[in-house]
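Presented sequentially are two complexes of chain A, the first with chain B as partner and the second with chain C.
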Partner chain A sequence: MPVKITFPHAGEYYVVFKDLMTNLGFEVVVPPPTSQRTLDLGVKYAPAQACLPFKITLGNLIEGIEKGADVVGMIGGKTGICRLAYYSEMYQKILADNGYSVDLLAVKVKKEFWDNLKKHQPELTFRQFIKTIRSFWRKLILFELIREKSLELRPYEVKKGDCTRIKRSFLQELEQTTDLSALKALRHKIIKGFASIPIDENRKVIKIGLVGEFFLLIDQFSTMNMEEFLGNNGILLKYSLSFSEFFIGSLKQKRFLDKYLPTHNHKVYQFAKEYITRPIGGHGRETIGEAVVFRQKGYDGVIHLYPFSCMPEVVAGSITSKVSVDWQIPILSICMDEHTGQAGFQTRLEAFTDMIKRKKFMPPQNENDIVHLEVSQ
Partner chain B sequence: MNQYYIGVDVGSVSTNIVVMDSMDNKKLYETLYIRTNGQPLESLNEGFITLKDKGYCMEDILGVGVTGSARILVGNIIGADSIKNEITAHAVAAIDTYPQVKTVIEIGGQDSKIILIRNGVVIDFAMNTICAAGTGSFLDQQSFRLKIPIEEFGDFALRADEPVRIAGRCTVFAETDMVHKQQEGATKEQIVAGLCEALARNYINNVAKGKSIEAPILFQGGVAFNKGIKRAFEQELAAQLVIPKHFNVMGALGSAILAKETVRDTKKKTTFKGFDIMQRKYKLKRVACQDCPNACELTEVTVEGEIAAKWGDRCGKWQK
Partner chain C sequence: MGNGKNKELPTSKIIGIPRGLSYYLDNFSWESFFHILGYEVEYSEDSSVETFETGNQFVGSDQCFPVKVYYGHVLSLLKKNNYIFIPQYTSMEEGTYCCPKVIALPQLIKNTIPQEINLLTVEIDLGREKFTRKNIRRLAMSLSQNPLRIFAAVNYFDKNRKRLPEEISSAEKFMGECQSNGKKGSIGVIGHPYALQDPFLNMGILNRLKEFGFDVVTSARYQRSYEQTDCPVYFSRRKPHWDFGRNILYAAESMLKDEKIQGIIFITYFGCGIDAFIEEIFNDSICGQKPYLGLTLDEHSGEAGLMTRIEAFTDMMIRKGGENRDAG
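== the complex of A and B ==
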């Protein structure tokens, strides 16, 4: 009998992870899309001070287990850049305490992943494993291409919803494609497909960079569909971090290279150095550095998202106001937790982007145009 | 023949409507300030009836803008040309009435904000996130408790010789503190003055934290009426506060200006449905969408049996 595995949602990345797990020999149980129920479950079982990502992912796992999974997969696992390091232990304990007896498979770029896999899949050969990883990687890159394209084009689309529609259809296609050569062909199709969307190039669009905690950057549930909300309001979004970079970034070798070679991260750390000299966990240092990099690339503003109680990002959040003044770029720091109301969140986003738009597109005020002011007494 | 733009600000405490001349933003024909009393639609209807009775007719309205916490609800029903957040609306109004302004302090019914402006553009803003201590609603509540009409609140504060110190961090603790000081024999005047100072302090330490407040400072929103708060701010900031003539309807004024901009930019005729729209039989219903586990609570507006608007969904499939 095949082992049934489930894993948390991270935006729509399940399309890619589902494939990875299937190829490794598991039967995949995709948890139902993250919903209010997911969050409620997470809040109920997680400790109160855990961060929003933990609560949502825990809820995902429980919903997956309810659907019949007996192994849960999760990135991180004993090593990690923040509290993520003990998440897997906590999942296991919380799940066991509440009567869900499951095994845990830590998905990571370490030998441990292979050893763990062998426990569940004794027949898996190393050759097959490498082959699977290769196609997984290709899919991951394609997935990120689709996402990036949709973010780039949404503010320009003539017919509202075009980008979302085409993104959905490509994701579905990506989910069904397994063959390596077919994936290559799909790449061209994606580029062509997005190029065929009718766009209005004269639109006044502003470019915003997104920095902050990794999970909030990809999960659309916890940010209340921010991607679409902002895209429809004429804002081009760019993420500072994607899953592929997240994986690569966890390699020791990569960190070594970043230290000495002029890589992207090298630049990021250089900019961050003035404010944060050493790693403080999470992506705190990256948040600061990336904000400056966005400024250098000519972006109009930066939105910094972080979950309540996330230490590295709280540190970064308190520095953003200084970065904003030093580099003359507007930065909006928003803290999210399960109590964040949609209205308040969107009011702030709208006010922030309006501010940038008016600054960019409004004709400057005439200094001599001073009107007499009536002061009420 | 005059033509007008209408700005509507439906907030938690008051519903404000301005009728602005189509050529001159400084010329306001009407400024209505109506208590919302938790019923935004009824209060708006009241305002519209007043306007209609004064002889304004739909043909002369070039555009309508809506802001405030009930902006989406109201904007969808009346067919507004622009639906914008309060921060943008207040900033636009402030810049329009006073181009040199550098800081806007706005304290409304349930929120308070600071807007920093340099050379006529907003460069930074902040809104109260933690709690509503120091906003209009709290003052309202305390004036009721102390049996002082809210209109005289400011005068009471100015009459105090020595304000008492009150904890302003949280409304609940502030009230506890006030009761305690009362029991120690402080006069009503002293308490009110202390409260004003506490609120100003709270605002500067929370909302305006880390922001450089530079003069000229505009103080707007309903609370600007309170002279006690104005004086407390001036003492705390060591600067003069300017209160614009239409301080209590600045949000509505801003949304009228925004409507004008929208109509000008899109070159379309207004989508305003007329003053009578509120009198037609509209029904508001909360429906739970059962299509996915999100169970979004939708707001459905039907006008004479016909669904006019539906919103509140995460996925966007109900919004037109």
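== the complex of A and C ==
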């Protein structure tokens, strides 16, 4: 009997992970889409002050287990400063305490993943494993391409909803494609498909970079569909982090390269150095650095999202107001938790983006006006 | 010696050390260290409501209470003197980390207080000996030009840096510090080092317990769990990767096993990320066996409410003990 595995949703990334797990020989149980019930389950079982990603992923896992899974797959290692490194231990404790007996499979770029995998899938050969990883990687890159394209084009689309529709159809196609060569062909199709969307290039669009906690950047439930809301309001969004970078970033070799070669992250760390000298866990240092990099690339503003009680991002959030003054870029720092209301959240986003639009398209009489945003929540 | 020949040397002979967070982490005496280099040390005053209020103006609202008070300490020192020393503790032993807020403390202070600060800082990672010594040497060289003094200071650090709290015999645990004879019994208090040592941060709970006639055993009295201890079980969970977390779990486990300790109080602060997870691990196990009170404090905690809870807890504890059934 095949082992049934489930994993948390992270935005729409399940499309990619489902494929990975199926190819590795598991039977995949995709948990129902993240809903209010998911969050309620998470809030019920998780410690009160755990961070929002923990609560949502826990809810996902429980819903997956209810559907019959015996193993849960979860991103996360054992090293690091932030609480992510202790997630797996907490899942085990909370799930066991509440009568869900499951095994845990940590998905990560370490040898441990292979060892752990062998325990569940003794017949898996290394060759097959490498092949699976290769196709997983290609899919991941394609997925991110779809997402990026949809964010780039959404503010320009003539007919509202075109991007979302095309994105959805491509995601479906991606889910069904498994062949490596077919994936190559799909890449061209995606680029063509997005190019065929009628766009209005004369629109006044502002560019905003998104920085902050990794999960909130990819999950659309916890940010109340911010992607679409901002896109429809004429804002081009760009994420500072994606899953592919998350995986590569955990490699030692990558960190070594970043230290000495002029890679993107090298630049980020150089900029962040003035504010945060060493890694403080999570993506605290990246948040600061990426905000400055966005400024250098000519973005009009930065939105910083972090869950309540996230230790590294609270530090980064305090420092963003200094970064904002030093580099003359508006930064909105928003703290999210399960009580954040949609209306209030969207009002803040609107106010922020309206301010940037006004500044950009209607220059102030007094040129020396410095827009400095003091945000408190 | 810093006789003014080098312009980069501090102009003031006095260095301020704020008494909060990292001040309580280590038993290392920075005062003697700076004294060797020819500087006097000035500590900030005891924390009080004013300390908190001055600090609170500059802190992000979702920082935890101890950080807010720490800002107050820094600001009160800045009124007199703008050389402030904030050590950047990243790790107390190999493979662990301090809380991210403590790690980023010097940068946090520097980048959020608008006033100009001459910040002296040094990154201390007790798991990496060479790295730490290099940093200490650099700090000493920035403070003095006399090679003998620099050498002596670095040497002093090397010799004393491992003065972390030692494991003490169980008999001694009940003797020290306690003023009362503890006729009513002993209570174990678990918390971060700064929570236990600063009476303002813990709202005077420790003193109040002593007044009530209890012996108080704090988690600071338990060793920072080393590998060789016979108690690596941590409630049969994987070792947490935070120093504070390990200390708290180890202390909780030891107190639970110690028959002399009748009740356990856990002090944490609202918004503390580490404690949110750590408490979840031990509170079920403790609740089944011993009276347990988890206190989450912040700047809005009222003293009357808190004392009522503690009184209720101690009464319950006494009643459960069976010896003083008439009490409470």
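One rule holds in what follows: the second predicted complex is superposed on the first by the 359 of 377 C-alpha atoms of A that agree within 3 Å, B and C clash if a C-alpha of one lies under 4 Å from a C-alpha of the other, contacts with A are read in each partner's own complex, and residues count from 1 in each chain.
The rule is simple: a contact is a pair of C-beta atoms (placed from the backbone, for glycine too) under 8 Å apart; a residue touches a chain by one contact, two chains touch by 3 or more.
The structure displayed is predicted, hence computed values, not measured ones.
By the document's definition of touching, of the two partners only chain C reaches A:S309; chain B does not.
In the superposition on chain A, contact of A:K359 is made with chain B only, not with chain C. After overlaying the two complexes on the shared chain, residue contacts for A:T38 are found with chain B alone; chain C is out of touch.
Once the two complexes are laid over each other on the shared chain, residue contacts for A:S101 go to neither chain B nor chain C. In the superposition on chain A, A:G282 makes contact with chain C only, while chain B stays out of contact range. In the superposition on chain A, A:S181 contacts neither chain B nor chain C.
Within the superposed three-chain model, A:Q253 lies out of touch with both chain B and chain C [touch as defined at top]. By the touch criterion defined above, A:M224 reaches chain B but does not reach chain C.
In the superposition on chain A, the residues of chain A touched by chain B in one structure and by chain C in the other are 321, 376. Looking at the complex, you find that chain C touches chain A at residues 59-63, 90, 97, 99-101, 103-104, 107-108, 111-112, 123, 237-238, 240-241, 270-277, 279-281, 284.
On the side of chain A, the complex with chain C involves touching residues 47-51, 78-83, 85-86, 89-90, 93-94, 97, 275-278, 280-282, 284, 308-312, 314-315, 317-319, 321-322, 335, 376-377.
Here chain A touches chain B in the complex through residues 32-33, 35-38, 221, 224-225, 228, 321, 324, 330, 343-344, 347-348, 350-352, 354-355, 358-359, 362, 364-365, 369-371, 373-376, going by the rule given at the top. The residues of chain B lying in touch with chain A in their complex are 26, 69, 84-88, 91, 95, 97-100, 119-125, 127, 210, 242-245, 247, 292-295, 314-316.
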